[in-house]
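Following this message is one structure expressed as structure tokens.
By letter and in written order, the chains are A, B, C, D and E; residue numbering begins at 1 in each of them.
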Amino acid sequence: MKKHYSKKAGLAPGTIVHVGEARTERPKITLINYDRNNYEERVVEDIETCFLCKDSSSVTWINIDGVHQVDIVEKIGTHCGLHPLVMEDIVHTDQRPKMEEFESYIYLVLKMLQFDDATAAVTTEQVSIILGPSFILSFQEDEGDTFEPVRERLRNSKGRIRSVGPSYLAYALMDSIVDNYFIVLEKIGEFLELLEEDMIENPTPEILEDIHGIKKEIIYLRRSVWPLREVISRLERSESPLIEKVTMEFLKDLYDHTIRIIETAETYRDITSGIMDVYLSSVSNKMNEVMKTLTIIATIFIPLTFIAGVYGMNFEHMPELGWKWGYPAAWIAMLLVSVSMLMYFRRKKWL
Amino acid sequence: MKKHYSKKAGLAPGTIVHVGEARTERPKITLINYDRNNYEERVVEDIETCFLCKDSSSVTWINIDGVHQVDIVEKIGTHCGLHPLVMEDIVHTDQRPKMEEFESYIYLVLKMLQFDDATAAVTTEQVSIILGPSFILSFQEDEGDTFEPVRERLRNSKGRIRSVGPSYLAYALMDSIVDNYFIVLEKIGEFLELLEEDMIENPTPEILEDIHGIKKEIIYLRRSVWPLREVISRLERSESPLIEKVTMEFLKDLYDHTIRIIETAETYRDITSGIMDVYLSSVSNKMNEVMKTLTIIATIFIPLTFIAGVYGMNFEHMPELGWKWGYPAAWIAMLLVSVSMLMYFRRKKWL
Amino acid sequence: MKKHYSKKAGLAPGTIVHVGEARTERPKITLINYDRNNYEERVVEDIETCFLCKDSSSVTWINIDGVHQVDIVEKIGTHCGLHPLVMEDIVHTDQRPKMEEFESYIYLVLKMLQFDDATAAVTTEQVSIILGPSFILSFQEDEGDTFEPVRERLRNSKGRIRSVGPSYLAYALMDSIVDNYFIVLEKIGEFLELLEEDMIENPTPEILEDIHGIKKEIIYLRRSVWPLREVISRLERSESPLIEKVTMEFLKDLYDHTIRIIETAETYRDITSGIMDVYLSSVSNKMNEVMKTLTIIATIFIPLTFIAGVYGMNFEHMPELGWKWGYPAAWIAMLLVSVSMLMYFRRKKWL
Amino acid sequence: MKKHYSKKAGLAPGTIVHVGEARTERPKITLINYDRNNYEERVVEDIETCFLCKDSSSVTWINIDGVHQVDIVEKIGTHCGLHPLVMEDIVHTDQRPKMEEFESYIYLVLKMLQFDDATAAVTTEQVSIILGPSFILSFQEDEGDTFEPVRERLRNSKGRIRSVGPSYLAYALMDSIVDNYFIVLEKIGEFLELLEEDMIENPTPEILEDIHGIKKEIIYLRRSVWPLREVISRLERSESPLIEKVTMEFLKDLYDHTIRIIETAETYRDITSGIMDVYLSSVSNKMNEVMKTLTIIATIFIPLTFIAGVYGMNFEHMPELGWKWGYPAAWIAMLLVSVSMLMYFRRKKWL
Amino acid sequence: MKKHYSKKAGLAPGTIVHVGEARTERPKITLINYDRNNYEERVVEDIETCFLCKDSSSVTWINIDGVHQVDIVEKIGTHCGLHPLVMEDIVHTDQRPKMEEFESYIYLVLKMLQFDDATAAVTTEQVSIILGPSFILSFQEDEGDTFEPVRERLRNSKGRIRSVGPSYLAYALMDSIVDNYFIVLEKIGEFLELLEEDMIENPTPEILEDIHGIKKEIIYLRRSVWPLREVISRLERSESPLIEKVTMEFLKDLYDHTIRIIETAETYRDITSGIMDVYLSSVSNKMNEVMKTLTIIATIFIPLTFIAGVYGMNFEHMPELGWKWGYPAAWIAMLLVSVSMLMYFRRKKWL
């Protein structure tokens, strides 16, 4: 959550300052160039290497893993004619998902999510996509992404991906990010089911922290998916020449995905708050059971102890003490008291 | 809830992969062909058998129970010119209810619900309906459906169903699904009434689980019915030539049904959360009753036991011990203490 | 709540089946015929008797108390040219308030409410009103209604009612139903005030049930009044020639009534949930008072009993036992302990 | 809350029946007549006295304190050509704030609020304002209002009020009512701050009633201010010739006021529910503190009392009893037990 | 919160009365005058000094720290032709953020926020900005603001700020205020994280007050940022010639900021209510742990004490007392009882 906004406050708008977790590794730049017949993929050292191939008739996809080295973003951005405010947002990794249309390109921000099974936490990575007339730029915070299946389809020329333009590639990248949300939601769903089982059997304080934790994750997840709805619906309605007609119907499918994801997230939120209620009741039921049993034991013995106390008194004139059957009579009295109390408790259904 | 999204992630859009519970039985294909004068119904082995009769002037209804064998869906879909994204959604049984209009057909997704009395759970089955110019395709997950009364009306030529076109049949199928929602809601209502009675008499932890369970069922049910509202209202507003004029006024009636179902589901949600509140209070009231009675007993005996303890002390110089009426006096003291405490408790209304 | 939807499921739309509580009494048919100068009112045996007078230049109001005998509804409906779906809804007494405009008539559904003081429950009766060019049909579930003052005004030719057409009569009927809502709300308000007083003085478990009960009644009441808003606003905006101009400004007044009723119902809902909170706190406060006092008594005596126990020990060598002032010293010690504990409790404000 | 709706139910619309608290005093009628140069103010006995001066070129403001004598309202209303439904609403003091535009006048209903410091209750008075072409009628329930500063400005010809027409006077009256809401809100704010302080120091059951009471007042206040938003915005958008252009920009300022009032009321609602939560926790924290301390004391003495009990047994063969250091050893054992328990409690942070 | 509305109630609209915390220091007036080549900045004594330079072709920015001396506001306001209602609002420091468009200027109100680490409270300062054709007026409540970086950029002619007109300066001022919101939110976020950690380790009553306090701060913060959304979106859509085209795209960026701030505030609200829930459960869990352990200890000793009591009775005929192994047998009985109870508790998982 530490984003160090203080670094940014008051700077001129369009000042390119990285806001996000500190990183030291060198950003990795991957260049993919393809048309219906050719495919080339290589890791390049300097961003300038990419400048040469950009304007060809083939589609160029430059993927940059790491935006903490702002000069790389600035160089490629300036080369492609990006607005300073766009470059600012690419390296400021706290944007909400959005779509901004410019004359010669469309700027898209999405959040790539990952569910970490060990901590039951969702990690978020900002992905910026620039859709230009013959190129795609994609900026990520770290190496590792959900794009591998797309690259695979490009390499093997599977489906229509190599025969259509950059807007379809942009769609494919977004689709791979959104498809991954289903997996994250599936894992959250499984986590919730585990919680539900645990909670009823054994409502420990740790479960409370788990519920609070997963609730927060769902809150953050909602923030990543709610704006997506508008992003994709604006892409659909946009009349930009950058978006080919064939891509349009696939965007409808993607919109459909988004709605389902939002609905599932809302459902999980409702279920989580239901789980919280049941947890609280379970704890209280368990405690009540302990208290009730123990209190009953105590209550039965208290009058008995009183009787024993009475005949432990040292008065000189206590006729019962001299009786032959005094001691057994005391035992019988004590038995009668305890049995009648047990019967009363049972009639009241406390036992 | 296990849908194994991992199977799908990253695949090219339009890849037809079954997502849903695993099934092994062979899908059952039923072919119905009718016009005002003729009616034919038969189970066919191969989907190809259906291809011949499709383009006749009569109405053809092909119902397929089972979408886990994707090649059947693919064959009939390709034959009827369905878009790959539609075929993908037919076999991906986690769609939300929706309506998609294409040039030569309308694609509808609905959820068929069943209330299982034993587990108080609602089971959901995805039904896809394709409305074409002279045919209806319907895809279900399993055998068994709510369509039997519609088939009966077709067989007996009851009402207007045989004299109107496929859009009226599509309406009749949707109506039979929606009518069934009322039955599911009625059963949920009865379950809630039972819960309410039990809860006040005997608020056990099992009831807590029941409340949580039915709450979840209502959450899932809402997800099936809310989108229906828009589906039907879009059908009504659609100007597709596929929907005959006579069907229109029946769609209004269906829309009316949907609103009532949504309202009832919302009402049940409110009532369920009211029941939860009452349950929690009942448990707490019951526990309070136990604790109060038991604590009162304990509190009365504690001072008595103290008095007995005092005269159980072994000091050599304790004048009371030698008194003739010491022992009866101690009893009287103890009686006075307990009676005055009882009176105090009664005045405070704790008894 | 038992509506037996199973009777209806799968039937052809427009099939006229009574859904509602079973009734055996014969429906009562009342025919009123009036113009500026004449007024005729009589109970008729057969619905066919009404057919003769319908088309006269006077206004005819046929009121039918009881829709469980569906053939009556069917006969008059067919005679007046009602759509089968309208007839279906008249006898299906679970409709939500609605307005449907047809070419030659307007179909209105409202809920007539009654607050039963004994059970604090609101009973609902469905009223269907058909507004035709020169007639009004009204269908109720039972005898007894809120229309008596309207009939009185008709009989005595009070106000403008006899000099205007059927749309004003329809308005007057709706107004009498809506005016009755204020009475129901007033009674609910009084019930809530009683609850509030009881709750603070004596928060018994019965009050919990009362709160839950009235909450449910308010939920059901909201379902009857919310849709009314749209019904009346659609009547106002409708350009049907069936609604005379003079009726229009009265509809605005009725709309105003509806808004006030909805607001009051919402207010009661908020107040009820406030009452629930206060109830829960009152119970808890009361319990706390009991527990605290009792625990304090117990705690004071426990150390005293310990001291008594010490000097009840039978060791041979216990010097205190032989002391002359040992017994009084023990008493003083016990007094000191109890007084210092009382002072500590008072300083902590627990007393 | 007692409004006796039963008086009204079923009456013909436009029947003028007073609904509100019963009053016996004679309504006070004040007549103010002014233009740029002249100002006349007097209390009149009969409403008919006002009829003479109404149609002059100056502005006439007739204020009537008391609407329970319906004939006064009827006379002036009929004289000014008010619609019967308007007269009905003037004397029915349960209207919601509203604006109704007629051909020759505008009818406004507002609620004048007063915060009663003693009971922390908000009292409501209905004010009806009729804005005519050269006159203002204002109807209140009681004497005493927020209009005094407006009268002062009229008398002293302060600001533009004497040089503009009746719409500005209507604005000034509304502004004085709305300005008073700020004072009511300020007092509620102060009450909430007092509650907050009390609550943490000393969470008594009386505070619970205070919270519930102020919550209800805020609920009622919201009902008075929410509709005002629409009233003023409709006045602004209205193209009635009755509203002079100069008044328009002041209405915008008034609208601004209304939004701020609504926002503050919402904020107070949120804060009140926060206070409720803190109250409940404070009560529970306080109780926990009592229970914990007392239980700890009891628990420490219970094993000690047991040891004392053991050596109070009367077995003939108990070697410890004969030991010389038996008694001190028992004391040491008891000390060790109690010290180790205290240490355990401290380690567990229960002390 | 003390705003002394009573000072204002009933005054003529447009009366300029300071509403806010009382202040005595002299307002500080700063005059900045710049164009592409020149920059002049000085503190002036009298507001009249500023009048001379206003109408030059350069941009003039007059900043006034302190609006409690209303004559200064009145003089400059009258000189610049501000509407009396605008001057009234400038000195009435309880406005909500708003934008009002006039013919020759735009009036903007914003809230400058400051998070005070010591008290965890957000302080609010009202900033009014007047955007004229060649000048900017800014009014603050106190010295000290977030504008320093903007002044720095002006002094050093950094970025485009000196080469564009006053609308860009207005944007830059707003941006500096909004950028500061991120810092406030960041600090609230850190405070919440600290709370979360504390709460689970050691849920003291102080944390309750902290949660309630920060909840209130978030409520107030929301009131400052929600209206901003509309302010900026109305600026964007405005077609005022006062807003240069270059400023427009920067306003979009600012709008984007606002949405993110609102979302973060909403997220914090949700998290705070989650923290409240966890706090309450933690307290309850902690209390349960205490009660359970202590109750178990008590319950084990109660039957033992009873056994000791029995053999402390003084009956003459108690055979066990004379037995040689009576005393060890009693110990063994007591051990058996306590061990079997411990085993029972462990089996029940209470230990």
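Keep in mind that, in the parts below, a residue touches a chain if its C-beta (ideal position, glycine included) is under 8 Å from a C-beta of that chain, and two chains touch if they have at least 3 such contacts.
Just so it is clear, the structure is predicted and the values come from calculations on it, not from any experiment.
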item: Chain hops separating chain D from chain B, counting only touching neighbours; value: 2
item: Same-residue or different-residue interface between chain A and chain B, half as cut-off; value: different
item: Angle, in degrees to the nearest 5, of the Cα rotation that carries chain A onto chain C; value: 145
item: Rounded Å distance between chain B and chain E, as computed from the means of their C-alpha atoms; value: 42
item: Chain B and chain C: spacing of chain centres that average the CA atoms, whole Å; value: 26
item: Numbers and ranges of chain A residues touching at least 2 other chains; value: 284, 291, 295, 298, 302, 305, 309, 312-314, 318
item: Category of the chain touch graph - line, ring, star, complete, other; value: ring
item: Chain ring listed from chain D, with chain E in second place; value: D, E, A, B, C
item: Contacting residues of chain D [partner chain E, same complex]; value: 146, 148-150, 152-153, 158-159, 161, 172, 175-176, 179-180, 182-183, 186, 189, 193, 200, 249-250, 252-253, 256, 259-260, 263, 267, 270-271, 274-275, 277-278, 281-282, 284-285, 288, 291-292, 295-296, 298-299, 302-303, 305-306, 309-310, 312-318, 348-350
item: Chain E-facing residues of chain A, complex; value: 1-6, 8-14, 83, 85, 94-96, 98, 100, 202, 205, 208-209, 212, 215-216, 219-220, 223, 276, 279-280, 283-284, 287, 290-291, 293-295, 297-298, 301-302, 304-305, 308-309, 311-314, 318, 320-327, 330
